[in-house]
Every structure is written in structure tokens, then in C-alpha cells.
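Chains here go by letter, A, B, C, D, E and F, matching the order in which they are written, and residues are numbered from 1 within each.
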Amino acid sequence: MTHANAPAETPPRSTLVVTAHAGDFVWRAGGAIALAASRGEKVTIACLTFGERGESAKAWREGRNLEEIKAIRREEAEKAAAVLGAEVRFFDAGDYPLVASAELTDQLVAVYRETQPDVVLTHPVDDPYNGDHPAANRMALEARILAQAIGYPGAGDIIGAPPVFYFEPHQPEMSGFRPEVLLDITEVWDTKRKAMECLGAQQHLWAYYTDLAVRRGVQLKRNAGPNLGLAHTTMAEAFMRPFPQIAKELA
Amino acid sequence: MTHANAPAETPPRSTLVVTAHAGDFVWRAGGAIALAASRGEKVTIACLTFGERGESAKAWREGRNLEEIKAIRREEAEKAAAVLGAEVRFFDAGDYPLVASAELTDQLVAVYRETQPDVVLTHPVDDPYNGDHPAANRMALEARILAQAIGYPGAGDIIGAPPVFYFEPHQPEMSGFRPEVLLDITEVWDTKRKAMECLGAQQHLWAYYTDLAVRRGVQLKRNAGPNLGLAHTTMAEAFMRPFPQIAKELA
Amino acid sequence: MTHANAPAETPPRSTLVVTAHAGDFVWRAGGAIALAASRGEKVTIACLTFGERGESAKAWREGRNLEEIKAIRREEAEKAAAVLGAEVRFFDAGDYPLVASAELTDQLVAVYRETQPDVVLTHPVDDPYNGDHPAANRMALEARILAQAIGYPGAGDIIGAPPVFYFEPHQPEMSGFRPEVLLDITEVWDTKRKAMECLGAQQHLWAYYTDLAVRRGVQLKRNAGPNLGLAHTTMAEAFMRPFPQIAKELA
Amino acid sequence: MTHANAPAETPPRSTLVVTAHAGDFVWRAGGAIALAASRGEKVTIACLTFGERGESAKAWREGRNLEEIKAIRREEAEKAAAVLGAEVRFFDAGDYPLVASAELTDQLVAVYRETQPDVVLTHPVDDPYNGDHPAANRMALEARILAQAIGYPGAGDIIGAPPVFYFEPHQPEMSGFRPEVLLDITEVWDTKRKAMECLGAQQHLWAYYTDLAVRRGVQLKRNAGPNLGLAHTTMAEAFMRPFPQIAKELA
Amino acid sequence: MTHANAPAETPPRSTLVVTAHAGDFVWRAGGAIALAASRGEKVTIACLTFGERGESAKAWREGRNLEEIKAIRREEAEKAAAVLGAEVRFFDAGDYPLVASAELTDQLVAVYRETQPDVVLTHPVDDPYNGDHPAANRMALEARILAQAIGYPGAGDIIGAPPVFYFEPHQPEMSGFRPEVLLDITEVWDTKRKAMECLGAQQHLWAYYTDLAVRRGVQLKRNAGPNLGLAHTTMAEAFMRPFPQIAKELA
Amino acid sequence: MTHANAPAETPPRSTLVVTAHAGDFVWRAGGAIALAASRGEKVTIACLTFGERGESAKAWREGRNLEEIKAIRREEAEKAAAVLGAEVRFFDAGDYPLVASAELTDQLVAVYRETQPDVVLTHPVDDPYNGDHPAANRMALEARILAQAIGYPGAGDIIGAPPVFYFEPHQPEMSGFRPEVLLDITEVWDTKRKAMECLGAQQHLWAYYTDLAVRRGVQLKRNAGPNLGLAHTTMAEAFMRPFPQIAKELA
């Protein structure tokens, strides 16, 4: 549902990414973000925590303290966001556990109303290996509803009902994840790879998420016609779509 | 995934609709068909039976015999297809029960290879009120797989893996139907209504499926942003999508 | 499980309806309430919020303030309850979001023990479009369990385990709603319609919920035998039943 | 939905039980059958096979041949049906595997039209331990639909859409069985026990199904109010209900 | 995955049981506990509440007060634990409702790190009859994740990812419980029975859980080969396994 | 449940693998097979078709005819089986579609009774990309039940109820596959790789299934404790377990 004929003053499309930890947006949605940015769209990443306790084992083993680790993760994430062409905002809400609260949800409502997203990306509903991801999901979804209500107080205009996409968790089959949308990220793959390489603390994941992109690319080709002119090595990211797609055409 | 920049010699997009009974394509997918036809695309309806036993109660009560009823249903369906801009083919496989067979599936493989569909529409997997619908679903899906295999004998080129959409059954919640795609059919609504009115034997369904289109339209608007310039009374059809969507953009 | 032979001093059957917002009991269960009241039974509606923020867009757009809106919604709901023959109690717990709390749950326990319900109606477990509905569900179910425990403090006698019915959400297929009980409300339809018309702020829903009642009536007839003497236009409401039905007869 | 005020000439209510093997109706629905019979209703058991291969291990180990075993099972089942007050009909379709066929389904259509059931009992959809049970389920459901169609040939009047109940399989949790209706069979328990004792070949199951009835009785009480005057030891049978209940009252 | 060849200094295997109420570990996992203890392993039971409000109806009816009831339940549970060969610790967090909190979860993290469990047992995810059980489940799972993170503060070494088993709820089919592991407890059955008999307040459950063990034993035999030399009356307990089993051999 | 102390005359453990096409046992279960064989166990592969139509696109494109392709696939599969240490038997039942039949199922019953399997491996229930796999699953499961019945005719002794494992399909999330058992195949990885390399017609899958083994190995380690002495690069295969595990110990 691009708006090809929209008048010239239309602001660029806006994507909002709500994640639990500093690295999530790179591994799970770096391609989608780079793709949107490459089209001149605005991408805002709401990063609820730095992943300072739960996703920074290497730094803890090296003897860093909490503040140092937050600083490292922030710096890495900012670099990666810059590579992808997005803006990242940190909420420093504390991870492991990330606790859902009315205050944090209200802060997200403000972001929704400010950024007026056309698309929202966040974690899926379940993740038996990491409770922070479902907590981020719940707040992202609740804030999206509240931001639509004219009666909910706060600055900014109310929003519509932007489509939501859940990005892929680390253990998809254990988290009830089923690829419902396969996004072709071949043309921005190098950018995603560069962004991954900003995350020095999790170097073992570089190859892992490269392999995943190959595998999702194979799946994309298996679900497409033979004449689509796809690249020999198509790279892809998988998403779920919890709300119905609005369409002008079946395709 | 429209192919706007495809070279001039590209054949028009092709849609294949596989249904159990003569009326199904009108009530459940008339909007989608009219929409495709209005864009100059080719739509082929493979109608496995006339619905002569299971969907023609009125004619039986009026004392018609089997051949008469088939002729009535055929004529109605041909008229409706013409209104929608589609071609309908009858397989006369016998309904109530429609029995899945290798022969009938093989005939469908031939249709797939001949029409080279870009999109396939059929019944969903379950329908506790009508066993013919799931039988049509199974054969439509199996033929789609066989038609992709170079080793499967028969005329015509093999096909790619066209996306499949399940249209809405009469009792959606009882049939495990969840709207995954809401198609805006407002601009072809009058055409769909006219096609419905070709089905004189089931006049009580005209209002029923008009109400459904209104209701799905309300749902479409509830799942869209406020600024999309949707019609006051948006009419819609709902579909499921059993295979992943292939996308160049999240929207 | 009527108690036709119960001694004269038996109190009338009691129905407890636990809802999130002021209008819910009318749209979703107005028929069930009117039916019970028409048999001389007692119906108590526990209305946790007025729906002042999330369900009053029209009033906000007209420039009303929070207290005015609460007053409007209260007045409308009281009128509708009177038409249906029920008593409504407001808890003014604040909507959008309705936050589940031990205090509010405890207030519900007191209502359970006071009203000693034979039947409980509330929202279903899921509603991706409105988080207040699941919150009301959780508190209604938890209070029902606590009210059964002799060890849980508070006034009043403990209760049994009354059957629970979930009424229909606005988007049933998206909320995991499957009609498990279809209630024939034909004879009280006019009353329900009158109650709906008390809700002036949501006039666009009058036709919507009339159509729904027709559609559920068609479904009721499709699930019943042909000889039941049902009205030509049967009106119905749909419910889920999360706990097993206790029966003396299969029917 | 009893028809207390029906005119005198109304035939008694009719129950149709469709089972795979000779013993199933006793273990799984003996209480429901005895209860209906005790109210003067008519109960017809369509027994598709004798369970001669799959459910007669003891007889095979004793060296009986196929015909002897069929005769034994028939005799036992007829005795048990007589104790319960029902008529049993054998189709001798061959078990292990029971193969679904159009012919057998057509024979069931004839039984539906002859008996005009108000209630249908059969096996649930799944049973990973016995493929004959799902096969019986599929034919029972398909015949029920065909028997409703005026266009389906054969003797007898078409039927309505009688409610269906699935009785409990041997391993409920492994078969997706969830008790949706708990039927109080306390008053006919002695009759069910006597019927079980007609099945000499499966004596080890007598205690097993007595324990099950106790356990389902405990569950019944846990799902009922405290003041229902239930027997100290309530005996119960559990059922699923695949189609919506039609109700005049929520209870 | 026993470690038969581990060096002599290896500490004995450690099992951690996290339960909501004082009696749960006996009814639901007494066999598993006795079996582990009989092999010289260490079993620690983290009992979050005494079940003083929700599971002590008899004592309340006898007029005991809260402190008396807690003392009774504690004494019974300690006796039962001693019979089984396990250590029980009480957290006195208050039941009906047991409220999940960061503080209580943190206390559980400490227990995980202290006991370094090789196996964890707890309640399943759902129980529509008792909200305390799911609350215990959530905290047990969350603490298990937090205890693995080097960045989560607190005493003791981090833990690995011990396998988790959910024990059987009182109404398994209503709680989404499917037996995934059937544990043969025949050789410790007498011990489990003795432990059950320590729970004088719930004498009606002795026979109930004996019958359950018989029934699960029958199921165990039905899922095993004929040559396993199983006892005539095999007694068993059923468990779910939410995380994948790690195996060196398929068996 | 190894039988370490079984008397000397016990036959070696027996594994039966039932697959649709010639390559399946290598890609999906080559590690499990090699592991069993490396312990001196007997492994029999029942290969229902050669995959001559549906899994041999390369050969068809090269202009081979049906018989040539069958011969190629047979030779490749026999080589791979020899590398793994297993015996392979071909049923030549015809693929694309593989049609389930009583005759083929009966042939499988004979194999069950002859091989007396302690473990059975086969395809999972669903595969929307290949209907032959579910067909093989259904026959494998049905034959397993029939082979247990003393009343089912045919040579050989009846079997027990061997545990069943479903191996991983090509698109796990789309086929309802959830890893329930992760088998450590590190020590036989080289053998599996060598067997894969026997399948020259599908060379593009060598890297694909190597990557999968790495990924399942990472998942294995994430679901195990840190002190298990696992190899740095653990290789694994994933399986589902449709029947309950019989256990002497929770681990």
C-alpha cells in the first residue's frame, strides 16, 4: 500500500521499531530497516534497554561494570543504527528482567504520536528463552492502541492503526514463530552485514545471522515463481503479521 | 509484487480459482475476480461440480431433475462469470460428496500448466458444514505442487509457486477462518452485486453477502490508518494466506 | 439446569455481567440480559470503567472534558440497563488502560459473594484491538475463583462454581472467538434494540449489531433441526463457554 | 432443548450412536444411552465392525477364528445394548483397518434418514492409538451432512442438523479431547456397570471405566455450584460438542 | 543424560521443585522426588505458600485461624518431604492470590544458584481452576532464565539451562496438559502413598491420586513395548517437557 | 531406556526408518542412523519411492527417462545407506503423488513384524510443500498400529509400541515442526557428510544441511547446562516425539 500518487507535501513514510535490547534491531530487522532507509524513509528505533545484564556476557566476563557495559552497548548500537540509516533512542528501562509498566508504555505512546508510524516492527508474543522480548511486545502493542485514542492524554496527534510485523526470534520454532512475510533484503545485505559487524561483543552471531539470511532466502525462492528474476543468492528476513493485511490486489 | 516495469510482451497476470460448486466463486471471491478483470488480467474458474445435489435445495423442492438442475446452475454460473469478466470451466465431478481422485487432480494439473497462474484462490482447509469444500482445497493444493514438478507427466510448462488465498467460508469461526488479507472491493462492488443477482436460486444470500462485505469493510478500516482516503462505506472480502508472502517492502 | 422443582423460597436466579466499558453489556449481551430479566431473574452488571477515554471518541471530538464524558456514559448505560431490566454498578477504575489490580479484584469478589451468581458473563480472553477487555476477563475469572474459597476474607457466603460465558468481541475471528452457544433472543430483540438506542454516542453501531444478530440467527438455524418452529428471522447472540457444561441430558 | 409442550403425537426423541467397534458404545457412552432410554427415548447404535481383529486380543490368544470372534463380540454387544435399552445394528465393515468408503457412508445416510436423530454420538476426530475411531468419526459426520440434502438420493425424509457429541477416547489428552459436557449418569450407573459386565472379553476394563466415571464425577462437582444436591459419589461421562449449542437460556 | 562416568568428586544430581502450595509436590511429583532421592540425589522443594487460604477448606470450616492453618500445612508438608527424602523451604508469599513479584522471583534466583539444579519441576502454564499455579510457573521459569545470566546480580554461580518438567494439574484436559513423559514410579509407590498420608487435611485425595497413578501406569504400558518386564500394576506420573530434550540416543 | 544389563542373547536394538523418497533418510536422519549403527544396532530403511518424479528435477532436465532416474536414485541411496551402516529397501510405490493404500500399508506391517523395531523414524504429519511426506507418515503410523494386533493377519510376531520420532522437514516452521528432541550427532558427523555426498543429484543441499546441523547444534547447547563437555561445534538433528516418552528418570 504505497501511496504513489500522494501529493508532494506528504512526509516520508515512517517506521517505528520497538525492541528490548540494543542488538535486537540489527540481527532481526537490520535488512528491513536498511531497505526502508534506502528508499528515503524515516526509521526510529525505540530501544527499551541496553541489554546490559542479559545480553552482555562477554563484557561481564571481562570484568566491566554496569555503567561501562551500558556505554559499550549504546555506542555499538548507535554505530549500527547509523550504518543502517536509522535513529535509535534509548529508554534505559533496565533489562533482565524488563518490567512492563504504565510509565514506560506512556513514553512509547509519545513516540508513536511523534513519529506517526506507517509500519511498526517488534518482537513476537512468545519467547521461552528471554522474558524481556515478550515484555517489549506487550508494551509496543498496548502503546499502539492507546496512541490511537483521542481520549488518551499527551502531546501529539493520534495515530491510525499501522500494520505490525514481528521479527524473527533466536529460536523460531520454540517461540511459535511462522514466517508469514519473507522480505527480500538482497540489495541491502552488505549494509546489514556492516551493521552486524558494529556489534563486536557478539561476534559469534555474525555467521549465524548470515546463514539465517541465506536460509530465509532459499525459502523465499521456494515460495515464489521461477520467473521473478531473483538473485542467485537471495537474502531474506522473515516476519509475522498479527493483524490483517489491507490490500488493493491479491499478490 | 506487481510487475509494473515488465516488458510489453509479458502476458497479462493470470488468476486461477478452484471451487467446489457453481456459486462459490461469486459469493466468496466475486470482488477479487472483478478487481483482477478490471485491471485487464485473466481469470479462470475451475468449477469442480455444479452444486447440483448439495446447493440446489430450491430446485429440488420445485421438482426439477438432476440434469435440469445442472443446466440451471451452469447457466447461472456462466452469466455471473461473464458479469465478473472471468472464464468458467465445469468439471462435472459430482457433488455431495465431491470425492477427491487422482484423475480429477490430474485434470487440475493440466489447468495449472495451461493457465500459469500468478495467484490461486480456493476454499480453506476446514468446513464442518460441507465436506466438498475441503475436498476441493486438497485437490487444488496437491495439483499446484504436482504442476511444479518437471517429472510429473502432461502437457504444458511447469509452473512456479503461485501464492494461494483461501476465500471466506459461510461460517468462518467454525471453519478456523481468520481474515489475514482484507481486499478493498469498493470500486467493483456493483459488479459483484450484479453477479450475485445472476444466482436466482439463492436469492436469500444476496443480502447476506452484502452485509458481509460491509462488515469486512468496517474491519478493513479498523485495521488501516485514518488518512487513507477510504470510502465512507468500504466494501471488502477476507482471505487467508497459507504460504508466506514474498515482499519487497513491509506495508 | 433450571431448577423447576425448587421450593418456593428459592431466590430468583442471578446473573453477573463483568464488563470493561459502559456500552459492552448492551452490544454483546443485551439479549441474554433481557431474556434473563424477562423470566424474573436478577441481573447485575459490574461495569469497571465508563469507557471514558477509549470508547468515547465522538464526545472528545465535541470538546467534552473527562468528567462530562463519564457522566454522559453513565447516564446512557443506566438508561440501557433499565430498559433491559438489569442493575448496573460502576467501579470507575479508569480505562485505556484498565489496569488489573488486587484491590479491584477484591471488589469483584465482594460482588460475587453478594450476588451469588448462577451465571457469569464477561469478555473473552483475547482482544488484540482493546487491552481493557482481556484485563476485565482476567479479573472476572480470578475473582470467581477467590470468591469460592472459604479462606479468602471478606463479607458474604462463598459461592459455587457458576458457569461462565464469554460474549462476542467486535472482531471475533481475530480474538479467537468461536460460537459455542447460540442464544435465541428473538423474543427480546425489540428490547435489545431499544437499549442500543440509549447509546447515542455510538449510533453507527446500531445497524452493525442488528446485522450481527441476524447473522447469528441464521447460524443458529443452520445448527438446528428443521422442525423447531423457529421464527423466520431468528435473532441470536453468540457465546463461548470456557468451562464444561454440566448436563442431565445431551441436547 | 426438550420439547415439553410438544403435541401428543410427537415421536419419542431419537439418539443415534455411530461407533467403530462392538464395545465402544458401552465404555464410552453407556451412561448417556441408558439415560436416554430411561426417559423412554429411542437409541440406535450403528456398530460399523465387531472389533474382531483389533479389539479381541484375548479371543485370538485363545485360538478362536475370525467368525467365532465376530459371533462372540456380536453376542456380547447385543446383550449390553439390551441392558442399556438400545437397539444395535452391525455393519460388519471389517476393522483394523476400518476403511472409509462411499458405500458405507451411504448406508449411514439411510440410518440417519430412518431414525431421524435428535442427538448423534460418535468418536472424536483424532486417536493416535486407533485409526478406526477417526474413520468412524469421518463417516458419521459426512453422512449427517449428506442426509440433510434433499438432492442426495435415497429413501426417507431429509434430516435437520442434530447436535453431535464426541464421547471420550481411551487416552483423552493424547487425542485432543477436552471435556466440554459432563453428563451426570449417577442414576443409571448400575445399568452401565451391568452392561460393561456383558463384555467378558475385556474384563480388565470394568474397573478402569468405573474409575473414570468417578473421576469425571469429581470434575462435574468441581464445575457446579455447591447447592445442587449432587450425590456424594456422582458418576459422569464426558463429551465434546463440535457444533454450537442452541440455547433458550444460558445455564 | 546421566553422567555415569563422571569423576568421583561430582556432586550428586540436584532437583529443584517450585510449587505454589504445600501439598502440590506430594500429589503431583511425589514419585519423581522419591525416585531421585532413592538414587542418592538431592531434592529441594521451593514452596511459595502454605496453601493456607485456597487449599485448606477443611481447616477453615473447623474454625482454625490463619496462623494455625499455616502451621498445620507446614508440619504436614515437612513430614511428607521427609518421607520422600527431600528438603522443603517455605517462602510464605501468601496464596489466593499468589502474586508474582520481582522480589519473590529474585529469591528464587538465589535458590537456583545455590542448588544448581540438573532438573526443575513446576506447574504447567495454564490452570483455569487455580491462578496460583500459573503464577508459580511464571516465576519459576523467569528465575531460571535470570539465574543463567552473569549480569544478573546476586550470590552464587550462574547456572546452565536445566531441563524443565511440568507436573500434572488436577484437571489435565482443561489445563492444556498432555503427557509427554511417563515416569515409572512403581518401585517408590509405597513411599509416595506414605507421603500422601501425611496430608491429613486432604484425605479425600489419597484414593484419587492412587487411581491416577494406576491410570498413568496403564498408559505407560500402552506406550511401551511388550517385552520390557514391567510390573503387572505399573504406577506412573505424567509430565510435560516445555524445552527440547537433549539426547545421545533416540529411545 | 537402554537395556545395558540385558542377557547376551538379546538381539541388537532395531531401528526402522520409513521415508517417502530416496534422499530423505540422509538429509533428515543420517546422523541418527549413523549413531545407531555405530553402536552395533540394526537399521532398516523402508523407502517407499525413489523420488523419481518429484525430487529429481536435475535428472529430468538432463533428459533422463523414468527408469534411468529410478536407477540413479536407487544407486545413490544404496551407497549412502552403506556409508551410514544401514540396509535400505525400496517399495517403488510411485511418487508425486505417493498414494496411500491398504496394500502398501500391509507391506509395511510385514516389515514391522520382521524387524521388530525398538525405534521408528518417519516424516511429520504435515508438509504443505510435499504431499508425499504426509502420506508416508500416515502409512507408517497405521502400519505400526496394525502390526501390534494379534488379529491382523500376516507372518511374524506382533510388535510392541515402539517410540516414534519425526525427523525435520525442509521448511520446519511451515510444517508445524517443533524440535522436541535434539540429538547430538557430532561424533558421526563426518559419516553423515559422506553419505550426503553420495547424493550427487542434490549437491546444492550439502551446504544447506551442514548449516542446519550447526544451527541445531547451537540450539542443543542453548538447551543444555554449561558443564556438559560439549564439542565447540556441536552438530545436531532435531526430532518430534508424537507419543509420550517412557522414562525411569527425569533428565
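As a convention for this text, a residue touches a chain if its C-beta (ideal position, glycine included) is under 8 Å from a C-beta of that chain, and two chains touch if they have at least 3 such contacts.
Since the model is a prediction, treat every value here as computed from it, not as a measurement.
The minimum number of touch steps separating subunit E from subunit F is 1. Touch-path distance (fewest steps) from subunit A to subunit C is 1.
In summary, the interface at E-F recurs among the listed pairs A-C, C-D or B-C; the equivalent pair, sharing over half of its contacts by residue number, is C-D.
Our note on geometry: subunit A versus subunit E, Cα centroid distance of 39 Å, whole angstroms. Mean C-alpha positions place subunit A and subunit F at a centre distance of 38 Å. Between the CA-based centres of subunit C and subunit F the separation comes to 53 Å, rounded to the whole angstrom. Among the residues of subunit E, those touching two or more other chains are numbered 129, 174, 179, 219, 222, 243-244.
Chains touching one another, given as pairs, are A-B, A-C, A-E, A-F, B-C, B-D, B-F, C-D, C-E, D-E, D-F, E-F. Only residues 1-2, 15, 32, 35-36, 39, 118-119, 121, 158-163, 165, 179-184, 219-220, 222-228, 238-239, 241, 243-251 of subunit B touch subunit A when the two sit together in their complex.
Subunit E makes touch with subunit D in their complex at residues 129, 171-174, 177-179, 208, 211-212, 214-215, 218-219, 222. On subunit F, the positions that touch subunit B within their shared complex are 52-54, 56-57, 60-61, 66, 69, 96-97, 99, 128-131, 174. Taken together, the subunit A residues at the contact with subunit C in this complex read 102, 105, 141-142, 145-146, 149-152, 242-244.
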